[in-house]
Amino acid sequence: MSSSHLLPFASDYMEGAHPAILKRLAETNRTPMPGYGTDAISEAARAKIRAACQCPDADVYFLVGGTQTNATVIDALLASYQGVVAADTGHISLHEAGAIEFGGHKVLTLPHHSGKLRPEEVNAYLTAFEADGNRDHMVMPGMVYISHPTEYGTLYTAAELRRLHEICQAHKIPLFLDGARLAYALACPENEVSLPLIAACCDAFYIGGTKCGTLFGEAVVFPQKDRAPHFFTIMKQHGALLAKGWLLGLQFDTLFTDGLYEHLGRPAIQAADTIRNALQQYGYHLFFKTPTNQIFVIMPNEQLDRLAKEVSYSFWEAYDAEHTVIRLATSWATTPEETQQLLAVLAETAR
Amino acid sequence: MSSSHLLPFASDYMEGAHPAILKRLAETNRTPMPGYGTDAISEAARAKIRAACQCPDADVYFLVGGTQTNATVIDALLASYQGVVAADTGHISLHEAGAIEFGGHKVLTLPHHSGKLRPEEVNAYLTAFEADGNRDHMVMPGMVYISHPTEYGTLYTAAELRRLHEICQAHKIPLFLDGARLAYALACPENEVSLPLIAACCDAFYIGGTKCGTLFGEAVVFPQKDRAPHFFTIMKQHGALLAKGWLLGLQFDTLFTDGLYEHLGRPAIQAADTIRNALQQYGYHLFFKTPTNQIFVIMPNEQLDRLAKEVSYSFWEAYDAEHTVIRLATSWATTPEETQQLLAVLAETAR
Amino acid sequence: MSSSHLLPFASDYMEGAHPAILKRLAETNRTPMPGYGTDAISEAARAKIRAACQCPDADVYFLVGGTQTNATVIDALLASYQGVVAADTGHISLHEAGAIEFGGHKVLTLPHHSGKLRPEEVNAYLTAFEADGNRDHMVMPGMVYISHPTEYGTLYTAAELRRLHEICQAHKIPLFLDGARLAYALACPENEVSLPLIAACCDAFYIGGTKCGTLFGEAVVFPQKDRAPHFFTIMKQHGALLAKGWLLGLQFDTLFTDGLYEHLGRPAIQAADTIRNALQQYGYHLFFKTPTNQIFVIMPNEQLDRLAKEVSYSFWEAYDAEHTVIRLATSWATTPEETQQLLAVLAETAR
Amino acid sequence: MSSSHLLPFASDYMEGAHPAILKRLAETNRTPMPGYGTDAISEAARAKIRAACQCPDADVYFLVGGTQTNATVIDALLASYQGVVAADTGHISLHEAGAIEFGGHKVLTLPHHSGKLRPEEVNAYLTAFEADGNRDHMVMPGMVYISHPTEYGTLYTAAELRRLHEICQAHKIPLFLDGARLAYALACPENEVSLPLIAACCDAFYIGGTKCGTLFGEAVVFPQKDRAPHFFTIMKQHGALLAKGWLLGLQFDTLFTDGLYEHLGRPAIQAADTIRNALQQYGYHLFFKTPTNQIFVIMPNEQLDRLAKEVSYSFWEAYDAEHTVIRLATSWATTPEETQQLLAVLAETAR
């Protein structure tokens, strides 16, 4: 399956790494390093992440990919008899091939609202569980999982995140934020949720690299020291401990130098805004109104056939017999030329 | 923990990638690719591996690291009530933090002989199990795991591998070979076990990249098509499916171009031979006589303290109150200069 | 928590065993038997169950309780990457404390309709999964689980069961029926689903004992021989293999002698019908109209407080701020006197 | 497989229950009870066990069988990355079909000495683990499992148990004692280990019922309150929560009334001593010298063929080409007549 002649809007992980990362990989390629993230570059990266998140005592670990990170963190924080609360559209609910259940834990789903959990619905669920006379025969909710941006590219407000934190505190369970696309939230004018706010509200979160400028890699942050004892061993047990751990440290050290991570996503947001405006102007209907780098469009199937000849996109779901929801994603690597070419195709297809 | 001033002999994964790999990474960095190994470069790499192994119908998958690969393959091939037979020194037995048990399977250990399983002991064990009146209350051996080279750097003979194959066939269970350091076997004059022989004898094996010239990555080969149904999903479930799968394909495509994989390990073997000869000449005792890139030496603790100031090595185990077994490892990246410097330190320390 | 002075309508497992079972337990108490169900009485019970189900080649196993049986059968029939489709109200979905996830499998829920799965919704779900471009990143539905009667005491029609069978066959996955309360279906005039029909339509099912006249025990039937290889070992692995297996065989041998199992539930159904009629006559509202031994009533909370002083019932769920749904259950052990006393209390409470 | 004409020495679970238990089962059969062990009889049994063990704050739970109990307790006490230390002959090591691994945990075996762990070897192992530079890549020992009597019928001394306790305390891990055959220890003159001593030295233990006078059932004791939070839910998750929990409570209430449990095993010990003496007198060789109710004899195969026609025994292991180790077990139900008949057969066979 080659897509080299198609315009690359299928996902935000279609290209390699930010040039600054490749440059450092080349520079350090023959420098001997100790393994498993015990090297000095990884340590420097951790220090920079702690600073950016304003949590000086945080434990920071580097893993390879998103599903792996979710499964490892969730297994580390849950007791054996607990499950994780998530939106029914959450990545862990639907698109991780049962990685959470493989670790023995149930995903306890609540209905999503444009991809988000509603804090008061979480509170009601946790409260009802505690009052349920049958609760000892049920899976105890042991943490809350959210993603920011969500699967649908939507954003939690600062008030929502603070309220989720309060609720989790009140029910004595951790809050975990999946930031696979966090750079695109941070680059978004509508975003109210900064790294320090996330660190203040969450017991664990990860800063996405794979979709945000690295070749691969996700940085897990536990703002409170020793929140997840023996996490190194848990990583190993999950096959999530990279031998050449400095490759991860180096990439995050680069992203957290000179604030790169916080502005890396801007071209993606600008491109996505341009595309959203054009789509509406050309008469297409958006499936969701989202402010980040993912665009969900309802396409007539006939037009989709023509689009498919020139654009690489993601199938999302069937809308009705004659329409399909597709996803177009921009990324840190999207160029103005690609965007303009896409607009031209969309304009042509819309006729 | 920085080791930049020390001579790098602690492991064979202390440096980055073969220069040819870095070059291709740079060249393809901005070429859009589809994800998860569905790209054309990964397909080309699979074709080259099939050719090198002379198994044209093989299924080939690329994973990130060794523990992850062992756990994913073993979980894919075992029934829920089966365990895996391994040497008591096997990587899965000792140094994978329980990754196999995390998947629900017992590691059934047999005594090692210089790191190897003895075929007739495997046969006796499987035969005894089948005859045991209590077998239905026990974990059924469902596959045999070996590594080549072994944890101790030793090599199976062609006759041993063929015999293990026969035994597994007779007992109707698969044979799985962990080739994390396979390039160092292939580069070794004593080695009798070629890629085609491995493919002919094993139901599954992996060709190591992380320790053999890539940044990361292991190539799993199932010589018979469809031997592990839904392996892609099983990888996802294990957090072992790399989003930017072409990074793995590209690295293995490079290693399997112009026979690079089969001669990449030669400098390591030459360096190791030189070091082994020098060690014996200087009066040190080898813990194991091994032909590959790992050297196990019994060091007086006092000398070790001096060595540690100049050489990065691996602690292996305590030998007695006054001696320690250490491992020195060479790699594809070891230079003649490094080897000569090591010899000088060893000569000095031996005095 | 003693309930000895309350009328026993909280569940259908509040009393011991049918007197014929206790009698045989006493008679055989000092007869030495081989363990683990390898005894002659267990073999006789298996033969009687095969005859009653008209499946002469069936494999029959005896386990101790319902959750244990569901988990063991589901783990035996699913591949590691598969999940089980169930109604969102199914026992495995809600009230088994995550026993299915403990075995590594996801419960894939569909909306219930009075406790039942709709066959066409199952078909649509399985068909959509197979067409989903992301299916390899998702949990594959690997079997369908239903219960008869359902959690809400409702019954599948013969046509529905046949259609579920057809659908599962078409999608090449097994159908599993949880018959924890099967005796109450068989005793019910509305029931169209006989033991032979179940055996013809299902790949696995269990005949409930715990709620249907035994001290404990469930009989698992695989109508096709060798459908679940090594099930004995899987039972042991799940802690589900009773040492004194003949205790289970003896109980089922008794239930399947002279058709006891098929008429044992009649008094429960008659009592339940009497209670349902009285409830409606007294002005109570039923939450569900069900034909079997469970009665779901919406009670004003004030009346419930009074009821609680004389009747042992089950809390089901809050209905609204002023009403609660409760369950009253009759059983094989319910006496006409108990039923009349309950009616008197209900009449009094309704005033 | 019928053994009704054979003398019953194959195991200690070949007969039903102590008559006092059957009597109470009959008496309470129609008394309604609340489920899951929340009844008054279970509560009374717990109080009696606490008194007998002199641990007034203990949490006591009733489970159905030994493998189930081991798996549930071990899963409850271990963190996800920990394993359990056991003798290589331990029941959990060999004869539970991988139930511990099914829960995700490795059994870390040490060599047995007549079935026992040596305290100093446990200490050395735990100490070495903590000093091992690779420990973060290994399974951390998270508890120690022993059985008393052991698989070979041997007994720990009071000093050994106290020392194991000290060692576990020093290494901050729990000690768990499997008392499946505890009544036979308590009835043995050589035994130094009382229930209060066990409660003082162990973090968890279970008092065996299945092999010691009940139809089924094991009583788990956690001497310190809340040592295993949510154990009720963990039992449910493991399929180990009996619906009619009072059946377990009633049996243990009977065993702990008037000290029955502590003298119930005496006839078994007397019979075993008689048999051991006779065996030696007739020229047989004991495989192990054990003081409890299990007798391990090395039998010439030819004599074994004759024995098999009249005695039901257990195959243990092949000794050499011409001899087999068998186990003869006595129980609370063994009669003097059966013992005398066995002696006659043994005398005859020995000729």
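By written order: A, B, C and D. Residues from 1 in each chain.
Methods note: contacts are C-beta pairs under 8 Å (C-beta built on N, C-alpha and C of every residue); 3 or more make two chains touch, one makes a residue touch a chain.
Model, not experiment: these values are computed from the prediction.
With steps allowed only between chains in touch, the distance from chain B over to chain D comes to 1. Here the chain-to-chain distance from chain A to chain C, counted in touching steps, is 1.
The chain with its Cα centroid farthest from the Cα centroid of chain C is B. Per-chain Cα centroids separate chain C from chain D by 33 Å. In terms of their C-alpha centroids, the spacing between chain A and chain D amounts to 50 Å. In chain A, the residues that touch at least two other chains are 80-81, 96-98, 102, 104, 136-138, 233-234, 236-237. Chain A meets chain C in the complex at residues 80-81, 83, 94-98, 101-102, 104-107, 133-134, 136-139, 315.
Of all residues in chain A, those touching chain B in their complex are 1-4, 6, 8, 10-11, 13-17, 19, 22, 25-26, 28-35, 38-40, 64-69, 71-72, 96-99, 102-103, 210-211, 215-216, 233-234, 236-244, 247, 312, 333.
Note for the complex: chain A touches chain D at residues 75-76, 79-81, 104, 136-138, 140, 229-230, 232-234, 236-237.
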